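What follows is a pair of complexes built around chain A, which joins chain B in one and chain C in the other.
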Partner chain A sequence: MLPYDFDYYLPKTVEEGVRLFQQLEREGKIPVYYSGGTEIITLGRLNLVETNAVIDIKAIGECKEFTIKDQQLIVGSALSLTAVEEKNVFPLLSKAASGVADHTARNKITVGGNICGQIFYREAVLPFLLTDSHVVIAGKNGLRQTPIHQLFKRNLKLQKGEFLVQLHTDRRFLRMPYVCVKRRQQWDTGYPLITVAVLKKEDETRIAISGLCPFPFRAFEMEKSIQQVGPLGDRIQEALRHVPQPVLDDVEGSSGYRVFVLEQMLQDLLRELEGNHP
Partner chain B sequence: MGLIGKSVFRKEAWEKVTGTARYTADYPATDSLHAKIVVSPYAHAVIKSIHIAKAKEVFGVRAVITGEHFPLTGEEIRDRPVLAKNKVRHHGEAVALVVADTPQQAKRAAELIEVEYEQLPVVHSPTEALKPNAPLVHEQLGSYKKEDRVYPEPGTNVANRTKIRKGSMERGWNLSEVVVEERFSFSPSDHAAMETRCSTAEIHPDGNVYIMTSSQAPFMVKRLIHDYFGVDIGKIVVETPLVGGAYGGKASIQLELLAFIASIAVGGRKVRILNIREQDMLTSPCHIGLDATVKLGSTRDGKIQAAELLFLFDGGAYSDKGADLNRAAAVDCTGPYDIDHVWCDSLCVYTNHPYAAPFRGFSHSELLFTVERTMDVLADKLGMDRLQLRYINAIRPGDTTPTQVKLNKSNVGNLPECIVRLKKMIDWDMGMIQDLGNDKLRVKGVSCIWKTSTIESDAGSGVTLSFNPDGSINLISGVIEIGTGTKTILAQILAERLKMDIRMVHVQMKVNTQSTPEHWKTVASRGTFMAGRAVLAAAEDLIEQLKSIASCVLRVQAADLEVGYGKVFLRDEPETHLDIKDVAYGYVYPNGNGIGGQIIGRGHYNLRRLTYLDKETGAGKPGPEWSVGAQAVEIEYDKKHLTYRIVRAFSAVDIGTVLNEKAARGQVMGAMSMGLAFGGRETFVFDEWGRVLNPQLRTYRPLRYGEHPEYHVEFVVTPQLDAAYGARGAGEHGLMGMPAALGNALSLAAGVKLNELPLIPEQIWKMKQKEGHSHASL
Partner chain C sequence: MISARLTVNDEEREIAFWPSDTLLFVLRERLGLTGAKPGCLNGDCGACTVNVNGTAMKSCLMLAVEGMNQTIRTIEGLKDSPIQHAFIEHFAFQCGYCTPGFIMNINSLLKKHPNADDSTIKEFLSSNICRCTGYQEIEKAVKSLLKINREDKAGLPNDE
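Entry: the complex of A and B
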């Protein structure tokens, strides 16, 4: 149960959405963009999300786009995770998305919501980090397109009143070899202990990780270590020296255990992608 | 009619599968106010002040209540204020209550209440609680009112101590050639019933108190509100509709008291409290934790001679049923084995954790985890097959229990047979470990179980039966339908006895303490046993009345009549008969004369010849019968990742006559899944301040679809002579051996002793670290 009331808006265009936000703010409201609403409900009841005006972006055409245009896959931010999984245009994204929450929740959780939400695992962002995708952001000055790496540092650095409209991914990435594995504290439900997504682009091995730290990240430094020549075990040990800090230490697992799990996962994933290297 | 064993579907099945079944919170609340609880964010702290002014200003707020003037409560020891007074003793303890027109207003106001605390040192575990300088959770323990035969130790954190002294330990150890000793520990956890608790209360101008509550014990609600608040017991009416999972958690009386004081505060208006999940886990009572040491001694050929057990139950901040749970564990402390020399101290210890309610199995899955893990350690040390060790020592008729009850063929099931059956089910002779290659092992773990119920020595159950004009019967029993299907079983028992169509038995699901005969509490797998006997007694009463009228009409002796198939008929001449429907409301002769009248059957059953336990030795007869069983799990273990999945889980249980095959299977399987979840994943995680970090289903995770193993259940049938059609209790037993079997399989697979719960992979990793293994050397 939400202890507070809020107004609900359903803009039809990007411009209308942005305008509404500014207008509501001027009126002294606390507007938030709303897509799947799962965090507004589940965190709102704990007063971890407070708002009195929600702007539903699901009626904005651009936010629901899911097509390939000019060699780019366009993923609208308001697509539900199950919609993305079912069409399976981007298998790595389908795989990463399918590990989030449960099916019923994923019918509501959207790509944009998962990436921009407070719950810090944000596993849907991993495929976009691995594929150097671009984000399309709506703001005061209309739409702007930016490489994701410029804007996603632990979370998506949006200005007040901006919202994520689309993600653009070069279609060549869609068929590249990948592995994405989610390990939990126990069995098949729950947050990730660690989720690792690995993409093989020709000779380059790309790695993105969620659950290790209180933010998902593209592991550029670790990739460099993995890229070097030498036995896999040594390269992994070297990579582990570049794990960002802090490593999570919480109810899902201690930091020491997380590093152990990461090491095992890297061994498995890289063996699978690299073939049976020593 | 051949109904015994038949998988009759539940009487409430249609309601449930169509979603029209109503639970407490589903009843309309249009005329009701709503209460929200303010809870403590700390585990142990002095309440310096509570500021309620801002909350009172919120529109719609009718009352704000704090804990000054309410009586202390508690079923064994009156140690618990309805709302915290002076200090809080656990995270989530109720501190204040807000009553408002809507739940939203109440919540808003509750958030505006400011409580100033001064934190106190926290007691984190029962072991810590017993240290000489441990902070006291209850400074005034000696001054509390209490029941007889509860033994708190003032000046310490001991709420109750039960002692078992059987045989001579000196002799036992002298006879023991091999001795093992193991220590165990696990934290409190939760029941995680799907339905969170809900209670409403209202007080009419005539002083009558009406309560509706999701409870296993509405009759106890009535008694306790009378005891605590002095309301005339006859003026209290408690209703309980269907309950959406209880597992013991709804046997404790807690939310009802809050609803009641809330109603008092608003002049008797109806007030509803519906627990949010977090408060259902923290504020209402939880599942008990345990620290234990188990020492077993045996001859070289595997005959156990001595058992020394120390159980330190983590009762949490208040004793509630914790002081009964420790007693029940003492009663069956050895596990299902014949041991001549037994020493056990079983304590309920106060800590600053959420306090404990009963949990399915009533401390047995907990004690059995410790004993059955130790049995495996002993088997290894003896170099003996693990099931063989259990078989040799299995409790049998003629043996005595820890409380020195002599067993016979009726009051104990056939454990040796269960073990033999289990061996076949799990292909035991094929070995415990199978190497699948790729770092994968298939490993089996086993465990035996037993349990008697230790409820009040004269607990009773009543049933009434009334007729409808078509000769169908209304069955009214105080058993709560908590999801076990017991009321359907009662209908089967009745239909079998009266040789009638079960569709002609109508069961009243809702219990109303004013019109439903009392069933003590719907706990301890006692529904079928006690209410089953009451149904049979009521059926006899009905039959006698039918015969009495029919003997007049037919001009025969009542002794020559039989009742069945909807008729009262002459035994030797069945065509001479009356239809029951023509007798049930009295018989009318062709000339208009009437005799007899509405027939109402009544029956009761009370436990008999049970005794209290001797304070010094524990000797006494605590329960009527022991159900037994043997269980196993088969896991697939990954040596590299230290992860595992449960592939198959097995139970061979002796529940006496199986009255409803699928219902019984469902009970055993459902209980097994709970046991695996408790053993494999469920626990509260505490921080250094004693706060629970995971009081949500996001982070506290019972088993979900897709995570279940295959379940295999077989029944061994040793009828219990004094039970209805020979059926033994069956509601809890599937759970009891699962944590131990899982711990045994994993300890074998991982090569480290796993004596803590839950058995998550990180636990295995930690033990490996401790033992100095490095994963690379595997």
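Entry: the complex of A and C
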């Protein structure tokens, strides 16, 4: 039970959803878009989310779309993580999504909800960062499609009243070699420490990381170091000089421990993708 | 407060609740169905798991209003089911508090993956926490049903 009440709306179209948001704001309400809703419910219970009007986007067709059209995989933001996992059209996305929370929770957590959430981890965004995907955003001026790198800077930078409708990924990326590993401090079910996803696009090695910093990121600068010629260990040491700041330092792992774990993960994952290196 | 119709355990019920009420709260406090247990109330422990359209859902992570036009099944809707028998036969519980959540999760597992492999079973069971540490017996109970399922897939309610 949440400690406060709100009105609940279930728009059927993108336009209706956006219009509702504007209308509710004009009426002095504090609307929020709601997809899986797990974060709104859990943080709401602790009074960490303020809203008195919830706009559930799960009945909007575009937000539930999962198809390949014009050589693009279209992933609706309101699809649950398990729905995406089970389709397994984009194996890297299936793998990254399967690391979020637990199986039952992922029946409720959605792709868009994970990407737009407040938690640090947000692993579902990693495959889209690695594949230079585009995001489709709904707002008062209609739909706009933008490269994810322009909008995702630690968080998805949405304007007030906007919501994430879809993610579009060039289908050529769907079958490229990848590895994606999630390390936990304890066992298989402990709290997450770091997730590293690596995609090999011809000779290019792409890296995206979650859990190292308080935000997921595409490691462009680290990738440049990894691309250099030389022993793998040296390239990784050089790459670690470009780790963004701050590195998380909490009860799950100190900053030094997290960087140590990252180094070992890069050794393992790059060996696997690049073959044997000295 | 809104008045809405929820379909729970094959019965349509007209109930008044607040849009911010979780499904867990409405099941227990409005419908008197106390089988789904409040544990962490944070989506971690799985004690409140129910089935929604045949899929396992943590009812503390779902608003009751999201349950409109869906088929909801709680532990009370599984009467004398093979899963319940398997739990008894394999001593798959101790204090029993987590048991309804485990059973509803496994009910969904059996319907979706009647021949689940070990990794699928582990994947599903990791959604629920038992603090009496009875996991091995629970796993045995699940596996005994998979064997039965290969011979006879009947006996499970069809909510999909």
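Note that the second predicted complex is superposed on the first by the 276 of 278 C-alpha atoms of A that agree within 3 Å, B and C clash if a C-alpha of one lies under 4 Å from a C-alpha of the other, contacts with A are read in each partner's own complex, and residues count from 1 in each chain.
Here is the rule we use: contacts are C-beta pairs under 8 Å (C-beta built on N, C-alpha and C of every residue); 3 or more make two chains touch, one makes a residue touch a chain.
Note that the structure is a prediction, hence the values are computed from the model and not measured.
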Just to be sure I read the superposition right, which of the two partners does A:F260 touch: chain B = first, chain C = second, or both, or neither? first
May I ask you to decide whether A:F66 touches chain B, chain C, both, or neither, giving the answer as first, second, both or neither? neither
Have a look at where A:M1 lands relative to chain B and chain C in the superposition and call it first, second, both or neither. both
Which partner does A:Q186 reach: the first (chain B), the second (chain C), both, or neither? first
Is A:N107 touching anything from chain B or chain C once the two structures are fitted on A? First, second, both or neither. second
For A:V54, decide between first (touching chain B), second (touching chain C), both and neither. second
With the two structures laid over each other on chain A, which partner does A:I41 touch: chain B (first), chain C (second), both, or neither? second
Of the partners chain B and chain C, which touch A:F120 in the superposed model: first, second, both, neither? neither
Which chain A residues are contacted by chain C in one complex and by chain B in the other? 1-2, 4, 42, 45, 102, 188-189
Could you list, by residue number, the parts of chain B that touch chain A in their complex? 103-104, 107-108, 111, 276, 640-641, 643, 645, 680-681, 685, 693-694, 698-699, 701, 703-704, 706-707, 758, 760-762, 765-766, 775
Chain C to chain A touching residues, read off their complex: 2, 18-22, 25, 41-43, 46, 49, 55-58, 60-63, 65-66, 105, 122-124, 126-128
Going by the contact rule set out above, which residues of chain A touch chain B in the complex? 1-4, 42, 45, 47, 102, 183, 185-191, 250-254, 257, 260-261, 264
Touching residues (chain side chain A, partner chain C) in the complex: 1-2, 4-8, 37-38, 41-42, 44-45, 54, 56, 58, 98, 101-105, 107-108, 188-189
